[in-house]
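By letter and in written order, the chains are A, B and C; residue numbering begins at 1 in each of them.
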């Protein structure tokens, strides 16, 4: 694919989400639930958050895709998550995983391990999380197994390229790594996307909501294009928001407004580099 | 009642809430808790959210009214909700029910069924939810029993008129149906309210917070006037917000600001039609 | 300490938080989690919210400080809170307690009672909550034991001076009382801080997020200076926000923006009075 072809597919996915209002239910953390839902609505999707096992199964069947974010685990997730990922697999529903907090707690570790057998369509995280997940699943991360902790990114996006490609090849899906430059790969082609705003690190849930928005696009296009679309839209919306804000809160308001109105023209102006995996 | 009399009662309820800061505790979903609380504060009320059974009972006794929203059920609700609705009934406390998600999951169904014996003062939902609740309670909905699913409204407000009136007659309270045109009924008179903004569908929690604000007014006036006041205030505040925003997030900011400052003049200019039920 | 010395230490704490991005994990209520996290990020800190016991223990070890807010208790907190406060004590980690809701429910009472043996570094609340906690712990509050209920402050800041000083002396930490005038004490010196905005009472979580921000500063300075810094920064940011808003929601946006950019000059202009305890 050429850069032009990729951008055309991104623009097409943006339109399709706006026209079809795909429902992407989420099991996501309580800190950023509201932002996830509002970001999903802003790009044209429909949102619903769930905790109980039978509700998650029901919503997985109704939704066009699903989003699982591993932040703020509750006891009931020990039952809900294994049940919902089995339903997602059985019904070939695309779903997005954000392995936030990988390395903290035994429930998160056992749940993430179990997902190796029911893998997500798109994995989204920062570099440290992507490297840690590749290590947890015994895939080639190109890195020593180190203990990634908590929510902070300490590795560079570039350093996670091997881990991201290994995960994408294993899942036959896509992997998106967020950072100063974003990386998206399906194991065959790897794309670096420039742009965005450093203010994204000053609002809680920029990454979480990117996962939710990726799930919206995963309901209307391939995992690779879904991840590329979400990243492009986030970069364009945040770049513009940075120019029209006075701090992190007005940045967030402008950012969501821009998600709602991002144009083909903005996508065409954005910068992305395609390399072989 | 004439249109003028209704509007005078609405204006009086708005003032009374601002002057008396009524406490309306909530059991509400985790997606929109923050918006519910901020909307309640903006119209002059006081908010508190609860999960545990004994805390819910204690707050039900302290509050002037109560709000129960059925989104994002947690395991503890199986005990908390039956206990709190018994306390509300025993103490004749007005309370508002939003049956969001009706049709999804067994706990929600059994809880909603049990509320037939301890009915709410005001039921607020979209047309599909109101029809589904009337069907669940075995009341005349004027519609075939169909499976309403999730959070989306697929039926028109007009089509839910019979269901809304049946529910209002059964509960001896009021029912409010949200949509392009809102419907509020007590089973004797039915009121259609114009206005509002389509951007309400692009922010999460517009409906949830409307329920919370209805509970604030239910602490200071009758169920019918409480539902009419909340709907009128929401229509006026959202109409004005739409004119002063750049997208869904700045719409939400302007909307809450307008809830805080909505005036008698704006209510007098709003359009409502009263018909017999 | 003179007023000038106090202000220099406040300005130094503000800079240190911005330079070192201290992580202050929280167990906090679901209504205001998002605001707590965004306020912590705005002042330069890093946030993480936890529910499960082993995750809380792990994050307590990683964090520079910790924040516990007693709103919206969930069943799992019966295990999580006792375990995390033991880890915090054993590792001498500074932590901040907001005893919101004191007086409501048996779990909250037993947890708050148990904290007498593992006391927090900073206690932050409104006057009613501070008096109630001193009474619960059997300390001299200078007041009759009365039943404080829910989230509303019914006592004046001035009336809680004795209770605050008793708690600070007992914990060998600091106590901060929020109100029209704020009071901060370590049991030896007591400081009254003017300023702030009444609009803080019209947004949910102003107090909760003040606790979270206090925890950020507690990672980089003493309990007394942490509490003074948080209160000063909140007063400066909210005063300025009030001048640039149209209601509670635009106030909140401007307030968070101002937390991000509050300057030494603004702190130097603020008014505080130091008295002996």
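Note that a contact is a pair of C-beta atoms (placed from the backbone, for glycine too) under 8 Å apart; a residue touches a chain by one contact, two chains touch by 3 or more.
Chain-to-protein mapping (UniProt): A, B, C = Hydroxyethylthiazole kinase.
Note that the coordinates shown come from a computational prediction; the quantities given were computed from them, not determined experimentally.
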| item | value |
| --- | --- |
| Interface residue identity across copies chain A (Hydroxyethylthiazole kinase), chain C (Hydroxyethylthiazole kinase) - same or different by half | different |
| Rigid-body rotation angle, chain C (Hydroxyethylthiazole kinase) and chain B (Hydroxyethylthiazole kinase), from Cα fit (steps of 5°) | 120 |
| Length of the line joining the C-alpha centres of chain A (Hydroxyethylthiazole kinase) and chain C (Hydroxyethylthiazole kinase), rounded to whole Å | 34 |
| For chain C (Hydroxyethylthiazole kinase), residues contacting two or more additional chains | 30, 34, 74-75, 252-253 |
| Chain A (Hydroxyethylthiazole kinase) to chain B (Hydroxyethylthiazole kinase) touching residues, read off their complex | 23, 25, 30, 33-34, 37-38, 41-42, 46-52, 54-55, 58-59, 62, 74-76, 252-261 |
| Complex contact set, residues of chain A (Hydroxyethylthiazole kinase) against chain C (Hydroxyethylthiazole kinase) | 29-32, 34-35, 71-75, 101, 104-108, 149-152, 201-205, 245-250, 252-253 |
